[in-house]
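Per-chain residue numbering starts at 1, and chain names A, B, C and D are given in the order in which the chains are listed.
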Amino acid sequence: MFWTAQSMNFDTSIIQTLNKVLMKAKTLVMLLQLGSIAYLNAQHEKVGKSPWGPEDEIGTLNMMDESSKLKILSSIGSGKVYDLSVEYFVGMPSFNALGDPPYQFWLTHTPDGTMVDNPNGLGHTMNKKVSYTGDAISMYTHMGTHIDALNHFGLNGQIWNGFQPEKYLGDKGWRKTGAETIPPIIARGVLIDVAKYKGVDILENNYRINSEDLRGALQQQGITLHRGDIVLIRTGQAQRYANAAEYLNEYPGINLDAVKWLVEDQKIMLLGADNLSFEAFPPEREDNWVPVHTYLLAEKGVMFIEQMFLEELAEDEVYQFAFVGSSLKLRGASGSPLRPIAIPIK
Amino acid sequence: MFWTAQSMNFDTSIIQTLNKVLMKAKTLVMLLQLGSIAYLNAQHEKVGKSPWGPEDEIGTLNMMDESSKLKILSSIGSGKVYDLSVEYFVGMPSFNALGDPPYQFWLTHTPDGTMVDNPNGLGHTMNKKVSYTGDAISMYTHMGTHIDALNHFGLNGQIWNGFQPEKYLGDKGWRKTGAETIPPIIARGVLIDVAKYKGVDILENNYRINSEDLRGALQQQGITLHRGDIVLIRTGQAQRYANAAEYLNEYPGINLDAVKWLVEDQKIMLLGADNLSFEAFPPEREDNWVPVHTYLLAEKGVMFIEQMFLEELAEDEVYQFAFVGSSLKLRGASGSPLRPIAIPIK
Amino acid sequence: MFWTAQSMNFDTSIIQTLNKVLMKAKTLVMLLQLGSIAYLNAQHEKVGKSPWGPEDEIGTLNMMDESSKLKILSSIGSGKVYDLSVEYFVGMPSFNALGDPPYQFWLTHTPDGTMVDNPNGLGHTMNKKVSYTGDAISMYTHMGTHIDALNHFGLNGQIWNGFQPEKYLGDKGWRKTGAETIPPIIARGVLIDVAKYKGVDILENNYRINSEDLRGALQQQGITLHRGDIVLIRTGQAQRYANAAEYLNEYPGINLDAVKWLVEDQKIMLLGADNLSFEAFPPEREDNWVPVHTYLLAEKGVMFIEQMFLEELAEDEVYQFAFVGSSLKLRGASGSPLRPIAIPIK
Amino acid sequence: MFWTAQSMNFDTSIIQTLNKVLMKAKTLVMLLQLGSIAYLNAQHEKVGKSPWGPEDEIGTLNMMDESSKLKILSSIGSGKVYDLSVEYFVGMPSFNALGDPPYQFWLTHTPDGTMVDNPNGLGHTMNKKVSYTGDAISMYTHMGTHIDALNHFGLNGQIWNGFQPEKYLGDKGWRKTGAETIPPIIARGVLIDVAKYKGVDILENNYRINSEDLRGALQQQGITLHRGDIVLIRTGQAQRYANAAEYLNEYPGINLDAVKWLVEDQKIMLLGADNLSFEAFPPEREDNWVPVHTYLLAEKGVMFIEQMFLEELAEDEVYQFAFVGSSLKLRGASGSPLRPIAIPIK
């Protein structure tokens, strides 16, 4: 409400001055409110201290033990093995917007080339007889089916469990929570087929999966989550994997509400999805460009697997299974490729 | 024996001529003999035609089926999981003698660097809050714990099953038998601890394991091989892995006799060892610088895993187990890293 | 001309049949003509045999000798040096459509990182004192300001002077005409500012510069070409260099007519331009996707420099100058970066 | 001198106590002296503030101006051009002890490979006709003939002119003094052939060239240095370049005394040598593992070129010449390759 000259029968200049003061006060209040929110957010978002101790580097993967692994392995009821990984090839989709290297593959030795180069010094006859092929690769570590290590995103200069760059980040990566610390992962896996639940082949562009979607899909599938589960969320986006431009264009993802429900209410151990980059862009919060990443990795110590291939599981309606996956032990790395498998259980 | 002028009381010029003729004849015989050997060798060493048909790209891995996989998975009797893989780090041992790239790891994003560079354009405050770490790798595909694809070595311009470079080798690798064709591998694994059998920590430099060693060790371990087994041979060399120079220096390996016995008599499916490069150098045959490689890959369609970590299995005397391993699907590649696991069976 | 029923008072069906026959005959003649052209083209396009002998690897660069170099160096009349090269940076424009690696730059040592990693083993105090920075790059060889070596494009399985891949192309590049064979280049340079001649800042998208444009611009500039000259053609495209998408989008280029006039009539020695990829796409001929490249490199032995920076020369209207440039001696390579300079002459 | 019981006729226990006190005092003095030296050293070794102002990024290269460049260019008296650069090839010598990547070269397109892969989608006939070769490289920036940028080594967390990593070192290199800031270099070059002066083909292993050697060689050559000169020092080591192990083994180098004389007394502008790494190892000072590097780059703002090829200059006894060299503009880099040339002057 503002004063008007007419209503008050006052000199208008005084009214104008009062109004200006009032607007300034309102702006101030608004700024204070925004500031409080930002302050509270900043308060809220800080790296988690691990319940598994100050030296912990693997977060919720601590939920696994020999007993939990034997339990799921003992329940295997099929020899049908589902391959949950995509292929690596030149031109494959990858996140290069910030300058990261795309996947490169090149031949270092070929049957014909060795005859010309004679690299082993053994001569033309030998190199003609023994047809040698060798090759090399180069890639960003967050490419193809891969797991994000806990150091991938931190908050305010720290990563999970309070480890700090000045102490632990060398030129060859992190000396804490690097990919080499991630153990082989064996646990019950649950597929949540959100695309099917929504009645579509692929979720619409930029769609953000929320906790209602997860609950609805689980109910439809007749599955209940357990503590320590690995939850794989299907958006259907993997069907676009062969075409990098389509795959990367405004992909659907998982929102904060959904992961909070999974982590805090359902106590899951590990997450996965068939998209890049698990969450959708633009981010759902203005003060954090990857709020799902920092929530999971830095606050809660929960890793997740991106760019999975879940189509065959979905087609066969295999919603629970033994998940077996072990990422490459890349020392110090913030992520690592892996080729996990799913085996149906009884 | 040669004629001499004295012994025969002949004109010496005739003798000399006769001797020359004789020497030429001897040389000719020798050359013919060498030629025959070379011819026989050449006859013997040629790429195998797959019993699984002209389109087969995976050789003996065809031995696996759902039934065989379920059988071994059903026999799992423990939740203790053995990690059979080594770490990847800058300076790790690798075969660079022929110019192949060593393992490289580099940071593409760091918490501090993003504050200076602002690569996402979101400014200092955001980049300070969200502490981003990213990294990239580059490597020869035959590095760390890795499997050799069937195209890695061929014979006389062909690879396994007769596939030819002019038709199937592009600039981005082989269009046949590339690493992406290798399925997830699940089968009974057997450890043959040759070092223990020989009573040493590590086999002596350049030692070549033969079939007697394998038979002796298996008898000592009380294990019988079955058709379709995965056989992992321990030399102990993995104990030197942290020191590249030591690890690569005159390592022990497996000889042709040993692998022929495993493949032809025991009908194993897959091999592995804890050394680079499975066989030892210098090669045991002069006419082939990698006779074990070409025998297994090109003649018999048998893949093998190099640079494994078998120390924990050996320490716990776990000689048979469920082997689970799935290599990265690097399209067209001649090899691929993997991190296999072993789980004890009942 | 066609027959009509009216004009001939004939039964129309006969006329129709005749017309059909005639049309088929015309089509046949047209196809034969096209076929002849294609045949003649195919005849015409074959690799050149060097007038400098069967071992020649540098084509028209043989035009340089000590005398020609001294002549141009002696004519230098200024100490103002024009830098004709663009910068290399992550995100710079490059031709990646066929999977070639973009420019990568990464830090291998940093002052802070060495304190954490201690890579030299000398400890924290030393690494804190001696603040070490090291870095590495990776790139396609045709990136930034670079020269195309004669092996970059050949015709029908041969390159310039008839060298063949089966004999000279190893896994580490060509053993003939590789970038290491390119000598330091010193000659008169001439700038042809086509953009200025056309009265525009930058030539329109996909514009193909022809020989008329070159003659017109030279006349406007008051310059006559000489045998052995280096001709640099300005499209203005370098102004878009900071924005890769714009720089690479439908860039203007030079057509076959223009380069034939330069090479055959004007006997120039070397060419250059401020665009990628010298010629424009789509190609002007249907039977060759890079007709200017194959004409210059394979048929005529003329190299050329792409992605130059010619803006300052143009602004100062420096149309003739001493050109000095020496590309990196990358053994076997099909191209090589260089940073040429131009110095005004009297 | 110590007291003895005999000489003083004292109770020995008192003497022993006195001696102990004395020894402690001596140790204290020694430690204080060492401390002072270390303190003075620490005082002495700090980054230089540029006489060319707080924004200067190129140090002594500021000595060049148009006049100085015209002067040397005008004195050119020959068209004979000396190539001062070595080749880049797989297996070339490079400094990899701290994990930096060796030179890699690989083919990305080959005439045969494009026929199999059809990367441009234009089909077999087109790819067979247009024989395409492309290639890529990867390398540490301090490899082959290269110049060290001023940021390569700093002191105590700063580089030349006081620039600091926290402000200017991003993930893509330094925002100050990066290789892109280095101008094309044209000045008088002087070869000091120390190997010839010493009467040897190649200086002995680990030999450290001092200022006496330089003065002696210059006198023998009849050359006087001028302010602003580029001084190239020949050890002869380039003769071992084809053999990496020999080239890198205990190479001779330049000592601190020599470079101080050149920089402080002779006011040279730029340095160069035919070895890696300009100075010799182990370092001549215990408190700095690269004292010549930090002196030149961080304290004095003097760049230098390593791994040059000076053999032809030496053979022809060309001791002064126009030096022309321009390094690749690698944004942010700590070093950059270049292929400089030398042209004899009147």
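Note that in this section contacts are C-beta pairs under 8 Å (C-beta built on N, C-alpha and C of every residue); 3 or more make two chains touch, one makes a residue touch a chain.
Predicted model, so just to flag it, every value in this text is computed and none were measured.
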Repeat of the A-D interface, chosen from B-D, B-C or A-B (over half of contact pairs identical by residue number): B-C
Pair sharing more residue contacts (C-beta pairs) when A-C is set against B-C: A-C
Interchain centroid distance [CA atoms averaged], chain B/chain C, Å: 45
Chain centre separation (chain C, chain D; CA means) in Å: 35
Interface hub residues of chain D, defined as touching at least two other chains: 90, 99, 101, 104, 106-110, 112, 119, 136, 138, 165, 169, 171-172
For the chain C and chain B complex, residues of the former touching the latter: 99, 104, 106-108, 112, 136, 138, 172
Residue ranges of chain C in contact with chain D within the complex: 42, 45, 65-71, 73-74, 76, 78-81, 83, 85-90, 98-101, 105-112, 119-120, 122, 126, 128-142, 144, 151-159, 165, 169, 171-174, 180, 183-184, 186, 287-290, 294, 298, 324, 326-335, 337-341, 343
List of chain A residues in touch with chain C within their complex: 90-91, 96, 99, 101-102, 104, 107-110, 112-114, 116-117, 119, 138, 165-172, 175
